[in-house]
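There are two complexes below, and they share subunit A, which is joined by subunit B in the first and by subunit C in the second.
Up next, the complex of A and B:
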């Protein structure tokens, strides 16, 4: 946090500040972390402001829309007052931030329960899908992409290349929700191995996690293959072969770190979109997570609830991006130079 | 490849791409999808709308191939008709996204410095959010329905497209020709129209196709969630939404619209692949002759030799040299399509000897070196025998320790992700069975030995922290981790500053003095070879044309060698005189000659030179001097320039 101080308006002349400024300009690790933290904070501010602004961007009266055209005008007015919509905009923004700081996300229009309580009830179920999916994607996509690249490098096995491109292309083009429907039809209806929907024992996780995993795995393995092909053409790979290293070292020690940095940079996007993918998959499997919550909230025009869930999703997406940036920088220190 | 030279680059690339399986399937599938969207509504529209209360929720039958929905409407017809609305909505959203992306992507190049940065930063913040989250946010704002969904998906596409286009334009805006245009006072908008946009068309088309795939799926998702197209309209996502409820009654009603989405996505993906291929973002190899054709072609070429020649090229004959460290016989490197880069090279390197291999780029000298190290890149095929230290090269288990290589570009030859010390140490770990600590200590010692200051600290750094000369030193040190008997250095100084070149050559000399290793130095620079080597081999068009001791360079007999020697400027060269040049150009690797490949550029060429291949035979320069020329120059008849060159060499 010391390095962060450099972003504020500070009187000049402080020695530590100059060091911090030097660190920011240079390619050093603290400078890089500081720059990324600053970006994270700016982005968080954007999420918070956007979720606040959302309710005001909706054409017409959101409360009226939520309660329906036949709602009692007195009730509408009362609910408007309750949401603070009758106060001036800056005052609303101020109390929104203040409430947020104290963990208060408002109250659902429909169920009248605190949004923060709904979120904390639903979020764990979503995370229990996302975490195993991320691990599975990395464990499958990176080796699959590398093996495909090694087998098809320099235009070898053109038919195999076509098969890989076609298979992963089809899988990557599959919408998660359709895959989920297909998996249900196969493994819950035709062969009832796994439960159709809902969250129960371990077997209930298989189909949802699989639905979340297959598409990003296919895309990431394509990215990894292209990156690996690029790396395999590099002069330093010829050096590794010239050293007569065993294939294991050539590929794992010399190729992998070089393709991981670029693949993860691109793959970072996949992980954030995975979070969003839970929205569709949870709806198919009636999974009691945030994804099914937000869709219900949008259809029922329960705007405070939408606001809260958008806030949570946005924050998680930013944290994932930040974590990927840090991981890439740890593997490849040169990426700290590229910085902003 | 001829199309490349004809100047219609992009169109030719596109045409080539269309001849590949991916390109062809993309065209056919794209046309089919377009035809469906155009023809289905007029053909099946009535059938799709026809309510039949007597036949609701039917399964698959002859009358209804995919069954009927809850109002008895034919699902097959509905899926076909929905293709138009689905594609319309998806493509509209793509156009919104692409237009917005282009505006925000090009803006930083047009706006001033500060405004440009602000746009870049804003896009950078927005791009971190997943697209679907964006879509849900916007769908909430715009309200549930088709219009809202088109706007939501289109706007949600903008940040990522803007980021991609920004990266593209930034690289072009930083290029020399745009800088030149700026200096000439060309306006910002003119630069965008004349320089930026034409150069990003190809990748932007590719991004557009990918965005279209994305918006197609996003739209299906939104409609499936009930947030997109609303009844009575229907797109594939809406049909899927309706069909999912009946999945147990009639699986086809859910699977058919889903499959339609997948197939359309696949078509878009194929088109994207084809565009990428045409843009060179994917390696396109034009189908050529299979590698197996090559040895046959090479053999033919041999038998084509005029009867005056023995069936075997004398270069093939193994030299009777008992202590040869390297013995190469009839080495050929051929590529598919009949391109032969090395055409029957024979050479020997004695233990401890320094041999120079000289030639122009394209003469096959680097491939000869790579073939000696068994590193010819695929799909090149190496034939002939290479014996190294008494064993066949490919089966030599000591290759990792006995052979050291130094490559041209030290900037790219060291692994950027690994610490330099680690890259040296692993040689000792793998080949000498050294412990991790022992290998590390050895690596530091070798780095110190090649003149890296503060080697202990430097060993922990990565290559990007080294200067060019230091990297080449470290690379040479890597070759010294074991006790090499041969060092193959392929243009080791070409990529370095002139002052550093000398240091690296001196280092190679020290290394040889210290280890007694032989050196095969490949260079286009006869001066460098003359400075370091004992013996010179001159290559031209894949063959060795002359072989002679360095100190006899002045007595060179081949016109090509003499021209090379004459091209070296020395302190004695009159600054006012023009440097000697060789007229004409070196032959292409694919060109075939019945006679001497140099004949076209040679002043003393005769009909015999053009018809008959000269063989390498003893020449007048004494022991170890051989030349492949029908009209070798007499040792006494050397021109003044050659004399000057020999003085430089001495």
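Up next, the complex of A and C:
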């Protein structure tokens, strides 16, 4: 706290504490960052505890799943003891937290491989799908939504508006795996332009990234269009147009920054939802990522693996939200995200 | 009574994942059982059978095989997953192999003898082929094989191979000069030779640190692991100087490189086969139609699939044989089996033994009661039940049963067992369904609150089934249905004392006794189909057989 308060005025004694408290509660950057960090840590603790509680409270036994229903009861008991599963739940939670603080994620019960190794093997593959997908979504959806808004503002081009709304509506409603299967049927089986599945050269990225991007692009472009319509009706936009500024300046300098707040927020949420939503796409494209790993881990109740992967996903989701909050606060000084 | 381990591939996973080999370690509960009739018996073998596939192949080709899940830890003495056992089949050789007709074919052991010196012990001697080497250049000798036997048999090492490939209580000694390994047990192990078909041979050095082989190999077989990318692919390259395949064959005609690619989705595997990205993949379900119409060649192996067992604990209505008989007569098993396998199954001929198996006889056909509603009603009436209104009751208690089905067997099986429930309720039996998965099946069966379980139990050898249908009930044992069938007990006891294939007739009689008393109801076997393009091969329970792989 003292370190944080040092950002503000020179603290001394009780006055210093009060200053620190003011800094934490008020509209200052250090206070904002500190509050967000504290919230991040609390959220992480909740994620860790919830994942532990959920996977342990659902009935079922990972040792039976690993050894098979024909396992000898004595062997099952020995293996449960070896894994510490015969101890009371609070004790198991205690040692789980203890291991976590020491950076130990344990070993998968089913595949007998360290969880940290599984995560470090699989996460990069998932990120290599998700990162280009997010960039592509933002690069396509924002201009598309803006162009649609410009062309259809003030009730112009009713048919165009209908066409845009219908197309993006249909695309946004498509299930990802259907799209993936359709893309494979067209571009890998009927016309073998791209490989059917697997991670190899650049061409192997085209279909999976495309099946990840189409749906979010359609829904984001609808949001951007509505936001852009709102911005285009603002007084400063009318003023800019009245001053006969070139279109480039009107839209890029005056309209775009005012759109960014919402686009950034949605973009951050997109990134997190895509990270976890790659499960089906990874499955269809035999992609060696983390999404398929967690499904299998949950169905076999592979405790260490589920906890490890949930922790990684949770940390990513929370960090991205944190980063987006920071970015929004920095980009838009009027944003209320920093409090009043 | 010897307790053995088994695995239940058919029990807990949908077809593509079903081959996960559930290996179980059993601790022997050795009881000296007096036996009459069967004394000393012996089986000898050397050079029987011919290599099942020979033929020309492109020795420089790369063959890519799709696997449904990542194998995880590949260490041969600790690996559990079915895919790990499939991969290890390429890198680690076996003492013997079993051909499709159930005959034992020499592998690293050029000859062997097996015997049952007494009713409660077994012995086998293997003569190890000279010139067998491991990947690091060290020779694989009788001493290495004996060391591996003793390592797995030591309960301290908790190897899941114990009871599955190495009999419990096994002790091995080596005679270096004669190149022989002698294995003795103090518990009956009738298939002491046959069970080694799944024992991956390793050099002694690898026993000291099994974890070192988790993602690499020290191969004794035709291939060695050259690249492991978990979750993506595993590449195996052909070893030079390999001459100890089945019947002394070499790997000259086998493809230079075999790549195992992890493809979890069956439709994706089918697409990759059609596009030429895979050469072999296991595909079941609707995707097979596309492959059939593209004339992709198929090899298949049958696994027990449609199967019911009854809970005969005294409090359950199914403790009464007449009730069990009537329940089976009330079902159209042919229809149920057809629904469960999507019309592609074959009538069951075993109560749970998987191919390749020394015992190839039929213990099921003709032993189950036929579908006959009139006779079912008569059987129930004779047993003291009366039909009032739409339901059967006895002493004021309605005939109500709980059936256990596994979600892991797939949607077709779920539909089939709903159909069974419908046929029973039409007959006047109240049916309640409980759905379990891989993590809850054992706790549910041990809990005892069930009457019929549609859970197949599959093992490689008949003696490994005894602890499911005889002996102590749960929670102390794995006789989940509390079955006490005197014929099965007596016949399996006799069969335990006969070494090898010679005991098959007794095992088949023992299994048939369970079917006749309606303790178990084997209905249908399901085809596990492997499709291959640009490649010839044969399959068994663990996947494509390495020695039969030929690229064209």
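The rule is short, and it goes like this: the second predicted complex is superposed on the first by the 299 of 340 C-alpha atoms of A that agree within 3 Å, B and C clash if a C-alpha of one lies under 4 Å from a C-alpha of the other, contacts with A are read in each partner's own complex, and residues count from 1 in each chain.
By our rule, a contact is a pair of C-beta atoms (placed from the backbone, for glycine too) under 8 Å apart; a residue touches a chain by one contact, two chains touch by 3 or more.
The model shown is predicted, which means the values in this text are computed figures rather than measured ones.
K.L.:
Identify which of subunit B and subunit C touches the larger number of residues of subunit A.
P.N.:
B
K.L.:
May I ask you to decide whether A:234 touches subunit B, subunit C, both, or neither, giving the answer as first, second, both or neither?
P.N.:
So A:234 only meets subunit B here.
K.L.:
With the two complexes superposed on chain A, say which partner A:90 touches: subunit B (first), subunit C (second), both, or neither.
P.N.:
neither
K.L.:
If we overlay the two complexes on their shared chain A, which of subunit B and subunit C does A:75 touch? Say first, second, both or neither.
P.N.:
The answer is second: A:75 touches subunit C but not subunit B.
K.L.:
According to the stated criteria, A:184 is in contact with first (subunit B), second (subunit C), both, or neither; which is it?
P.N.:
So A:184 meets both subunit B and subunit C here.
K.L.:
Looking at the overlay, does A:103 come into contact with subunit B only (first), subunit C only (second), both, or neither?
P.N.:
neither
K.L.:
Output check: A:283 vs subunit B and subunit C. Expected answer is one of first, second, both, neither. What do you get?
P.N.:
Both: A:283 reaches subunit B and subunit C.
K.L.:
Based on the superposed arrangement, let me know which partner A:59 touches: subunit B (first), subunit C (second), both, or neither?
P.N.:
After superposition on chain A, A:59 lies in contact with both partners, subunit B and subunit C.
K.L.:
Taking the two structures together, which residues of subunit A meet both subunit B and subunit C?
P.N.:
59, 181, 184, 189, 283-284, 299.
K.L.:
Could you list, by residue number, the parts of subunit A that touch subunit C in their complex?
P.N.:
Result: residues 59-62, 64-76, 78-79, 82, 108, 110-113, 117-118, 121-122, 125, 181, 184, 188-189, 192, 195-199, 283-286, 288-289, 292-293, 296, 299-301 of subunit A touch subunit C.
K.L.:
Tell me, which parts of subunit C touch subunit A in their complex?
P.N.:
Its residues touching subunit A are 3, 5-8, 11-12, 22-27, 69-73, 75, 78-81, 158, 160, 163, 214, 229-232, 261-265, 267-269, 271-272, 274-275, 277, 437-443, 445, 455, 457, 459, 467-468, 474-478.
K.L.:
Under the definition above, what is the set of subunit A residues touching subunit B in their complex?
P.N.:
39, 42-43, 46-47, 50-51, 54, 57-59, 153-156, 158, 162, 165, 169-170, 172-175, 177-178, 181-182, 184-185, 189, 229, 234-236, 238-246, 249, 253-254, 257-258, 261, 269, 272-273, 275-277, 279-280, 283-284, 294-295, 298-299, 303, 306, 310, 313-314, 317-318, 321, 331-334, 340
K.L.:
For the complex, give me every residue of subunit B touching subunit A.
P.N.:
Against subunit A, the touching part of subunit B is residues 21-22, 124-126, 128-133, 136-137, 139-141, 143-144, 160, 213, 217, 220-221, 224-227, 240, 244, 247-248, 251, 254-255, 258, 261-262, 265-266, 268-270, 273, 283, 285, 373, 375, 377-379, 399-400, 405, 407, 409, 412-418, 426-427, 430-431, 462, 464, 475, 478.
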